[in-house]
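Look at the two complexes coming up: chain A is in both, with chain B in one and chain C in the other.
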Partner chain A sequence: MAPAAIFVAVFTYYPMIAGSQMAFRHWDLNDLTDTSWVGLDNFHRVFSDPNWGTVLGNTGAWVIGSIVPQLVIGFALALWLRRRFRFRGVYQALIFFPWAISGFLIGILFRWMFNSEFGVVNDLLQKAGLIDQPVAWLADPHKAMIAVLIANIWYGVTFFAIMILAALQSVPDELYEAAALDGAGKARTLFQITIPYIRVTLVLTVLLRVIWIFNFPDLIFGMTGGGPNNQTHIVTTWMIKITQQGDYGKASALGLLVVAGLLLFTVFFLLATREKREVRS
Partner chain B sequence: MIGKETAVGRAVRIVFLVLWLAFTVFPLYWIAITSLKAPGDIFSFPLAYWPEHFSLENYSELFNKADFGTYLTNSLIVATVAGAVATAISMLSAYVLARFEFRTKSALLTAALVTQMIPAFIALGPLYLLMTDLKLVDNRLGLILVYIAVCIPFCTVMLRGFFENIPDALEEAAMIDGLSRFAALFRVLLPVMRPGIVAAFIFNFVNCWNELFLSVTLMNSDANKTTPTALNGFISSFNIDWGSMSAAAVFTILPTMVLFAFASRHIVQGLTSGAVKG
Partner chain C sequence: MRRRTAALALGTAAAMVLTGCSAMSPNANGTVTLNMVESLTNPSRTDLLKGLIADFEKQNPKIKVNLISPPTEQADQKIRQMLQSGSGVDALEVRDITVGPWSNNGWLYDMAKDLKGWQGWNAMTENAVKASEDAKGRTFFVPYGFYGLSLFYRKDLIKDAGFSKPPASWDQLLKQASAINDPAKRRYGYAFRGGANANSNATAIIEAYVADKVDLANGYKLKNGRTIFSAPEALDALKTYLTLFKKASPKSSVSWGYPEMVEAFSNGSTAFLLQDPEVIATVSESKSISKEQWDTAPLVAGPSGKTVQPLATAGWGIAKGSKHKAETVKLIKFLSQGKASTDFTKKNSLVPILKSATEDPFYKTGPWSSYVTMTKHPDTYLNVSQPRGVTWWSEWEQKSDADVQKMVTGKMSPKELLTGWDAYWTKKWEQEK
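Moving on to the complex of A and B:
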């Protein structure tokens, strides 16, 4: 136990706490002569930045636009994978591949596919007759956001599929048999037996994924770098940009907001889902 | 087990599964095909879904010009050592968390969850200064130490789930037979735990292999760079060399994909039992 705690304390918590104090100082790589305490000034600069509203909105779109399709498609996949069929093992291994790839590289991969001139996406859409001429996917803020979301859905569905599939396998057959005897339809069985039974897995998976997706700048960083014109920045990619500009004070303030926001979200999410969890067990 | 499937339901299921498979595999196919085109053919119309001639030029370029072999070796060393050490440490702490009750237990588990919420960038500055003091900047050992710390929290929670699935009686019987707690752990529990340990190691390996921001910050000389750092170097210039980039992508993806393919069942088991119990 002790070595684990020491490693995490020294290389994760210590730098985080040391980094946090920068949030209350003037700390700019372009001017290191002055590192005085400035109170909440860095936070004020975050909130008054013209990009703040956009970044916050994008972060919400990024998290919700990723998690909902990932959950729904992952759930469907899990339900359909529950039946045995030939090559099911191979199928599972194949759809697992996106998980082996770094978010940054996935960003680059999709950046190439969404390339406006030589991208395969435009080519396929034109062949299918859905568009007449190439679309500049990554140059238009709305389309760029859709493109990064598609990439993230590609990456994240598998995780849900696997977690839910494993949980589904723990639902006793007798429950389904009883439901069938009662004449319950498919939808009723799903909502009144399957979902309540695997609730704990669903709650924990969604919680963990929301935290990860929120704190996952890699894909956007590789795909659009937050562009065009800052329009696909989420909080964490924006934080990278500010760090790269040398303004560590402002970036650390943003980092603290991320940790605080996620902690608050976790507490509320667990409270909101708690009561029903206890009823089941 | 589950009710009878109607013909329509079956058709819907098969169509969905096939479409999803195509969507999953196509980007990987596309990057592989791109990497095998002659550099000039990458930018020719119409796009070739199956090129007329294949070429290894992008690959030779990558290894001759960019010294990609060194980056791959560095990544391999760092990910293997960090993954293995983190797995070993996590295993011991997971054992303690699964088998003993103590006062700081829930605080430790909360601390593990909170690490997942910390954006890498808030810790980078102080981490860089710390590593400077320890003389570990631009040093593979330094990156290994940091990666171990990054891997431990999730890996511990994952392995704890595994331990909790194994009945206490197993070690108790061994201890009644005269083995110490440690001997019982190593001789009786570990063999049973093997799938979980394999899964945890692969998971750690892949995370370290793919990590970008810490490696970009801590490794700056060409001799010490890891592959993600090198990839980042490819795009930071104004024009992306898509030929070399696609070849580099294939080489970066392939090792982890092979690992996942061989161990996907273990990983599935490891992820699920860990997170469900966590």
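Moving on to the complex of A and C:
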């Protein structure tokens, strides 16, 4: 027990605490001649940065705009894959395959797919007669945000499908047979048997995914690098960009805000779902 | 049992410490291992450097060099972190844009005394000697070559569009690029730089438009002491540049940096590209366009017929924390003279640092000839120093790149951009006084 605690303390908490002090100092790698204590100045610089509002809005859109479609589509896929049909294993493997690829690589692939001049997306849309001329997906801030969301939805659906499918396997067939005998339709079976039965898995999966998506800069970095005009940055990509510029003080302040935000979210989310579980029981 | 485990742990720890130390101190037979970090990494360049290092090691059997090659995009950040830790780096690649902050932080060693009386200086061009010294006479790096802009163009496309020769001015470039641009055929006029380092090409056109008024010692300053961004000609320049984007460039080029621009020219989709000579090697390897289809022309001029050639440079320096400075100086001397230097500039397509290279037939023919033309006409192609060594250069790059993107996406007018840039530099220079 003690060695494990020492290990965690040395390799996790010490760097965290040591790093956190940078948030309260002027710590710019471009000029380390002055690393004095600046109090909350780095936090003030985060909040007063002209990009802050956009970054915060984008982060909300990024998390909600990714989670909801991923959950819905992932659920539908899991229900479909639960049925027994020919080549089910092959379908499962194909659907789960994207999860094995790195987010950054997916970002680069989608960057080429959404390229306005040579990308397959414009090509297909033009052939289908949906657009007259190529759309500059990644050159326009709003369209770029839609493009990164589409890529992330595609990437993350798999995770929900895997988790929900695993949970669905645990629902006893007798429950469905009893529901069928009672004359319950598909919708009623879904909402009164399937969802309540796998509710804990759903809650935990959503919680995990919110944290992961919030902390998932790879895809945006590969696809837009946060541009154009810094308009597709979320908190974590922005933090990395500030780090790359050498402003460790400001980046650390942002990092502390991220940790605090996620902790608060987790506590509220778990409290909210626990209450409901207690009421139900 | 416990005692045996403790002994084993102690032994392992001792072995680890000793192994770690062996990289820092000369080993039993007196061999020193130097850690050398490169910044502008690419695979063929790394192989080239390894070859040169092997030659150095042959001449200096008591010195071994361990080359570290982080990916280009993160290299300077990695080097910064290594330097901050204070050890683990001996020789390193220092760029004109990194020398300011790194020396200011006390991370670089001043080699001036070690290189006093060195024969290698006599063989170097005036530009190279000048670039090796800062304003206080300190030498934090010895340049290995220069990067300078020239115009890469498609011979066949300009001929098809009815032009007999490549553009010599920005206006002509706009005219030819617009005539060639045909998005329906997925053919574009100009490989616009809107992403990383977008400020450099925007500044290039501004400098060309104010060439008559520019302060040669500071490419961002006019002779009257104000910034180049305050000149009325700068507004004409930016309007032309914006039209070049709107009429002759792919829309996605708003986020193009170095790799996308070079790729677009190499795959045959754009007719013009403004780039450094190192691109000659890359384009030469293209399977989409043949050597007969492209060439280079001197950097395009402003309305006065003159232009400004801001030479960017990088070189080899020594970390202040290095424990083997004498050996590292030896390595830098080796790389900066004779065959090693010539091989590096030739194979890495750089404007050379050695005087003798200008007589080399390699630089007189093909794509290199435009650089010789520029060198021969210094009154038309004015050599200026840009203030790239200032500690706030990184901050400036971030700001100015974002502004260029704002301008091309219609969020900022050319006038607003220039007012902001003028105010930025005026304030910085005021603070410096």
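Operating definition for what follows: the second predicted complex is superposed on the first by the 262 of 281 C-alpha atoms of A that agree within 3 Å, B and C clash if a C-alpha of one lies under 4 Å from a C-alpha of the other, contacts with A are read in each partner's own complex, and residues count from 1 in each chain.
The rule is simple: a contact is a pair of C-beta atoms (placed from the backbone, for glycine too) under 8 Å apart; a residue touches a chain by one contact, two chains touch by 3 or more.
As the structure is a prediction and not an experimental result, all values here were calculated from the model.
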When chain B and chain C are modelled together on chain A, clash or fit: clash
Chain B versus chain C as contact partner of A:Ala147, first or second or both or neither: neither
Chain B versus chain C as contact partner of A:Val55, first or second or both or neither: neither
First, second, both or neither for A:Asn30, with chain B first and chain C second: second
Touched partner set for A:Tyr176, first chain B, second chain C, both or neither: first
Which of chain B and chain C A:Ile234 touches, first, second, both or neither: neither
Chain B or chain C, by number of chain A residues touched: B
Partner chain(s) touched by A:Ile67 [first = chain B, second = chain C, both, neither]: neither
Touching partner for A:Val200 - first (chain B), second (chain C), both, neither: first
First (chain B), second (chain C), both or neither touched by A:Phe118: both
Segment of chain C that clashes with chain B, given the candidates 147-155, 201-209 or 255-263: 255-263
Chain B and chain C contact sites that coincide on chain A, given as residue numbers: 117-118, 243
Interface residues, chain A side, partner chain C - complex: 29-33, 115-118, 133-134, 136, 138-141, 224-225, 227-230, 243-246
Touching residues (chain side chain A, partner chain B) in the complex: 1, 3-5, 7-8, 10-16, 18-20, 22, 73, 76-77, 80-83, 89, 91-105, 108-110, 112-113, 117-118, 120, 123, 154, 157-159, 162-163, 165-167, 173, 176, 180, 186, 200-201, 204-205, 208, 211-212, 215, 217-218, 221-222, 236, 239-240, 243, 248, 251-252, 255-256, 258-259, 262-263, 266
Chain C - residues contacting chain A, complex: 74, 77, 80, 84, 101, 104-106, 183, 186, 188, 194-196, 250-252, 254-255, 269, 391-392, 394-395, 398, 402, 405-406, 409, 411
Residue ranges of chain B in contact with chain A within the complex: 1-3, 5, 13, 16-17, 20-21, 23-25, 27-28, 30-31, 34, 42-43, 46-47, 89-90, 92-93, 96-97, 108, 111-119, 121-127, 129-130, 145-146, 148-150, 152-153, 156, 206, 209-213, 228, 231-232, 235, 242, 245-246, 249, 252-253, 256-257, 259-261, 264-265, 267-269, 271-273, 275-276, 278
